[in-house]
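Two complexes follow with chain A in common, the first pairing it with chain B and the second with chain C.
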Partner chain A sequence: MNVPRHWREQIRRYRLVGSKCTDCGRLSFPNRAVCPKCNSRNNENYQYVGRGKIISFTNINSPPKEHKYNLPFAVALIQLMEGPVITAQITDARAEELEIGMEVEMVTRKIMEYNDDGIICYGYKFRPIVEYAHP
Partner chain B sequence: MGDNVAVIGVGLSKVGEHWEKSLRSLAIESIWMAFEDSGIDKVDALYVGNMSSGSFVEQEHLGALIADFAGLGPIPAVKIEAACGSGGAAFIEGYMGIKSGMYDYVLVTGVEKMTDVLPSKTTSILANASDRDYEAFHGVSFVALNALVMKRYMHEFNVKREELSIFPVISHKNAPFSKHAMYRKEISLEAVINSPIIADPLTLMDCAPICDGAASVILCSEKKAREFTDIPILVSGVGIATDTLGVHDRKHITTLSAAVEASKKAYKMAEVTPKDIDIAEIHDAFSIMSALSLEDMGFAKKGQGTKMALEGQHYIGGELPINLYGGLKARGHPVGATGVYQIGELVYSLRGDGRVDAEVGLAENIGGSGATVSVCVLERGD
Partner chain C sequence: MKPNKSVGIIGYGAYVPKYRIQNTEIARVWGNDPNLVPIREKSVPGADEDSVTIAIEIARNAIIRAGIDPSDLRAVWVGSESKPYAVKPTSTIVAEAIAATPFVNAADWEFACKAGSETIQACIAFVGSGMAKYALGIGVDTAQGAPSDALEYTAAAGGAGYIIGNAKESLAIIEASVSYVTDTPDFWRRQHEHYPKHGNRFTGEPSYFKHVLSSSKALMEELGTKPEDYNYAIFHQPNRKFPIEVAKILGFPKEKVLDGLVSPYIGNTYAGSALLGLAAVLDKAKEGDKIFCTSYGSGAGSDSFSLEVTDKLAERKGKAPSVKSYIERREEIDYARYARYRKKIRM
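Our next item is the complex of A and B:
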C-alpha cells in the first residue's frame, strides 16, 4: 500500500462515507459516479451510521501476504441498516460466536502494516453490538 | 456476417509445477502442439489469454513476446485479460477475428506461470481480480470470497457443505484419462469432506490448485476447415457478460448473473437450449461455483445445483457429463490459461475420444468471483 492510495480513501475508510443518488435516492458504498439504479450522474456524499447485520462470514487461515501477521481473522458481508452491503473484517469476537443475522457496528482499527511502503493502514472493521447497561 | 468458425488445432501442455519451464517455453510448447494437430504452420493473428504475468513473473507485453519466440512473424498479437476468465475472453476475441473475415487463421494461447512466487504472494496476486480497495484491502482472499458466497448459499437454500463436496469427486473421476491433467487420480467424497478447512466452509479439496500451464487452439472458417477434415468442430455460439466487480454489490449474492447473460447469448446464437447440451466443461475453481454455474446456465433450478451431481448424472454415462478432462480441480487451474484448456478439451470430446458420443458441448469460464463469465457452445460439424 502506498501513501497517496491510502490517503485518498480516508473519507470512506475512517468515516464510512458513500454516495446517494440525488435523483432516485439509491445509496452506494463506496461512492459511485453513476447510479446503478437510474443511471443518473447526480449524487452527493452520504455518511452511514455504521450499523448492520452479518449476511455471510468466513474465517481466513491462508491470507494474502499483506495480512499474514493478522491471523486469525474473520471477514463478513455486512448489510448496512441503510441497505448497501459492505465487505469488512469482524473484530472483538471469537469466530465461533459469529452467525448470519448477527448485528454489528463499525469501529476503526488497524487493517495492515508491514506492506511495501511500511505505512500502517487503519480502516473500518465491525464488531458485535455491545449492549451497555444504562444507569 | 462471415462463415461459421471452426477449431482445427489443439495443443495442451501438461499442467503442473514446472520449475524448469518459463512462461514463454510453456506457451511455445502448446503452440507447436496446436500447429502439429492442425496441419498448418502459419497464423494471421495471436490472442493471448493471461491474467497476471506482470505480477507473477514481472513480464507484460505477452503478445509480442510469444509471437517473437514462437516464430510467428510480425503478426498482430495482444494479451486479453479478464482475471481467471482471460482464456475464454481471448478465445472469443479470436472467434471475432475469423467471424468478421479479418483473418484466415487465428491462434489463441492461454498461459499462466504461477509458481515462481511464494503461495502467500500468489494469494495476494489472485486477490487483484476482486475490488482491491474494498475487498482485497480488508484481507479477503479469493478463497474467502468464494467461502462467503458458499456460506450464504448454504444458508439460503438449506444445502450442506458435504453435498457440495461431490463436485471435486466428479472432476477427479475423469482425471486418470487426462494426459495433461495435474492430478491424474480419483478422490473420495470423504477425502474432500475431511480435508483441511481453508476458509470455512471451503476445504482444501474444494479448491482448484495453483499451477503452471499453457493451452493453444487454432481457429479458421468452416470452409477452410473442411479442407483439413470431414468433421470440423464448429463454434456455434459464444456469449460473454459482466457483473459487479465486488461480491457485496451483487443483486443476489448467490446468482452468477453474468453466467445467466452469457449463456443466454450463446444459446441464442447456437440455436440450442440447455437440453441440447450433451457435455459441459464447468468452471469448478471452487465447488460452490459448479453449483451456481449449473443453476445459472439453466441446467438446474435455483438452489438445486447439487441435485444432478448427487444423482450421478454428471459422470460419463449420465445425463450431462461434466469436466471430462478433470476440470479446474484435477486438470489444474493456471488461471489465464484455463478457458483455452476447456475449449481444447471440448474439441477432444467432440472429435470422439472413445468415452462419450457428444454432438454439442459447452464451456463456461469465470473471471474473478463471477464478474466476467464467458460461455461457448461447440458442435461436431458432420
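Our next item is the complex of A and C:
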C-alpha cells in the first residue's frame, strides 16, 4: 500500500485531469511535465469532459489480487472526445455488452482497497452512457 | 424555521445503482413466504460502488443542473450511515472529486435515515445567514440489512443531493422547515457491528408515525397551510405502506404521494430516501407547484420542508439524468451475486 502515491495521483484519477501544452496546444493524459510533441515544459492542468468512444477492449480474467473483488471486468482503450486515448476499466457492463465505437462516460468508482484496514483508492472508470429523457 | 435571507434549491442530483434483487429471491433463500414481501425489488450497489462514489455522481448531477463553478460551494456535507471509513470524511473525497476544495466546509452527518435532510437544514442556515453563497447537502446510503432480517428486503443503495443558494436563483424556493426530534430507541448499530438492530414494536407507531406526523403538522401550522395547498407530498419511505398511510392520516390523497414514491422499485435508500423522492417529484413538477417533504431518521426525528417551484426548474431539470432513468437502468442479480457485492461472505 503506497499511500503517498495514491494521494499524489488522486486529482488526476478522481476528476480525469490531464495536461495541455501552452506552447503547441497538445493535450495529454496522464499529465506530462514535458510536451511529447514540442518538448516544451509549459504544461498546465487540463480538465477533460469525460466522454469518449471505445476503440478496443478486452476481458480481464487474471487481475492483480487488489482487483479480484470486481471480476469479471473489461479494460478498454478509449478515445476521449478531446483526442487523447486512455486505458480504463469499464464498469456497469460486461465485455460481451461492449462494442468498438460505443460511447462511454467517465464515473468515479472504487479502483481497489487494501484489505479491511487500508485505504480505499477511487478513480476514473467508464460506463456506457446513461440515456435519459425527462417525464 | 425560516432563514433571514430567502433561499432555495438551485440544483439537484440523484443516483441509483444499476443492480436489483427481487424480494421474492430473498424470500426464496430464507424460506419466507414470497407473497408477504414488502416491496418488488431493491437496488444493490456494484462491487466498485460505495457511499463515496454514489455521492460523487449525485454531486456532479447537482452541479450540472445548478450551472455553478464548484469552487463557489462553501459546504459539501454528506449524510450517511454507511461511510466507507469509520474515521476519514466521505465529504472531503466528494469535495476533492468535484473540485470544490480547498476553501469549503466539509463534514459527514449522522442521523440514520435523517442524515441527508439534516444537511439540507444546515445548508439553508449557512446560505440564509449570508455565510455561504452556495452549499451542497447530500443524503446517501448503501444500507446494511442483516441476512434473513426483515430489513434485508428493503435496505438499498442510492441518494440525492441539493445545492442551496439565493431564492432568486432557485428552481424551488424553500419556504420554511421544521425539525422534530426525541430519543427513541427504534433502530441502531453499535461500533464495529456489520448490521443494525431494530426495536421491533418501536419501528412503527412511536417512531416513524409519531415523528413524521408531528413534524409535518408543526410545519403546516407554522405556515398556515393545508394538504390541499400542495401538489406533491414526499415522506420517508422504508417500504411502500408507511408513506401512503402517513399521508392518509395527514389528509394527503394517494395521488399526491405516488410521483415521489420510489421505494417499491428500489427499496429504502435510508439517508437518500425522502431526498430521492423529492428529486423524482422535481423531475416532474412545474412552475407554481407546491411540494411538501418530510424525512424520518431512527433514533429518532423528522425534518419537514415546504417548497414552491419557480420558472427555472423547466430549463434545469433536463441537464442531468432523472430518477426515473436511473430506476429503469436495471440488471437483476441473484442472491449469490448480491451476497458477494454486499460482502456478506466473509473469508
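By definition in this document, the second predicted complex is superposed on the first by the 131 of 135 C-alpha atoms of A that agree within 3 Å, B and C clash if a C-alpha of one lies under 4 Å from a C-alpha of the other, contacts with A are read in each partner's own complex, and residues count from 1 in each chain.
The working rule: a contact is a pair of C-beta atoms (placed from the backbone, for glycine too) under 8 Å apart; a residue touches a chain by one contact, two chains touch by 3 or more.
Since the model is a prediction, treat every value here as computed from it, not as a measurement.
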>> For A:P30 in the superposed arrangement: first (chain B), second (chain C), both or neither?
In response: first
>> With both structures fitted on chain A, tell me whether chain B or chain C touches more of chain A's residues.
In response: B
>> After the superposition on A, what does A:I120 contact: first (chain B), second (chain C), both or neither?
In response: second
> Is A:I111 touching the first partner chain B, the second partner chain C, both, or neither of them?
Replying inline: both
>> Just checking: does A:I55 make contact with chain B only, chain C only, both, or neither of them? Give me first, second, both or neither.
In response: first
> Touching A:A88, do we find chain B (first), chain C (second), both, or neither?
Replying inline: first
> Is A:E9 in contact with chain B, with chain C, with both, or with neither (first, second, both, neither)?
Replying inline: first
>> Going by the contact rule set out at the top, does A:N70 touch chain B (first), chain C (second), both, or neither?
In response: both
> Touching A:L98, do we find chain B (first), chain C (second), both, or neither?
Replying inline: neither
>> Based on the A-chain superposition described above, do chain B and chain C contact any of the same residues on chain A, and if so which?
In response: 70, 111
> Which part of chain A faces chain B closely enough to touch in the complex?
Replying inline: 1, 9, 30, 36, 55-68, 70, 73, 75-77, 84-89, 100, 111-112, 121, 123
>> For the complex, give me every residue of chain A touching chain C.
In response: 10-11, 14-15, 47, 69-70, 91-92, 107-111, 120, 122, 125, 130-135
> If you look only at chain B, which of its residues touch chain A in the complex?
Replying inline: 118-121, 123-124, 127, 133-141, 143-144, 147-149, 151-152, 155, 196-202, 244, 246-249, 253
> In their complex, what parts of chain C are in touch with chain A?
Replying inline: 18, 46-50, 52-53, 56-57, 84-85, 93, 96-99, 283-284, 317-318, 320-322, 324-326, 329
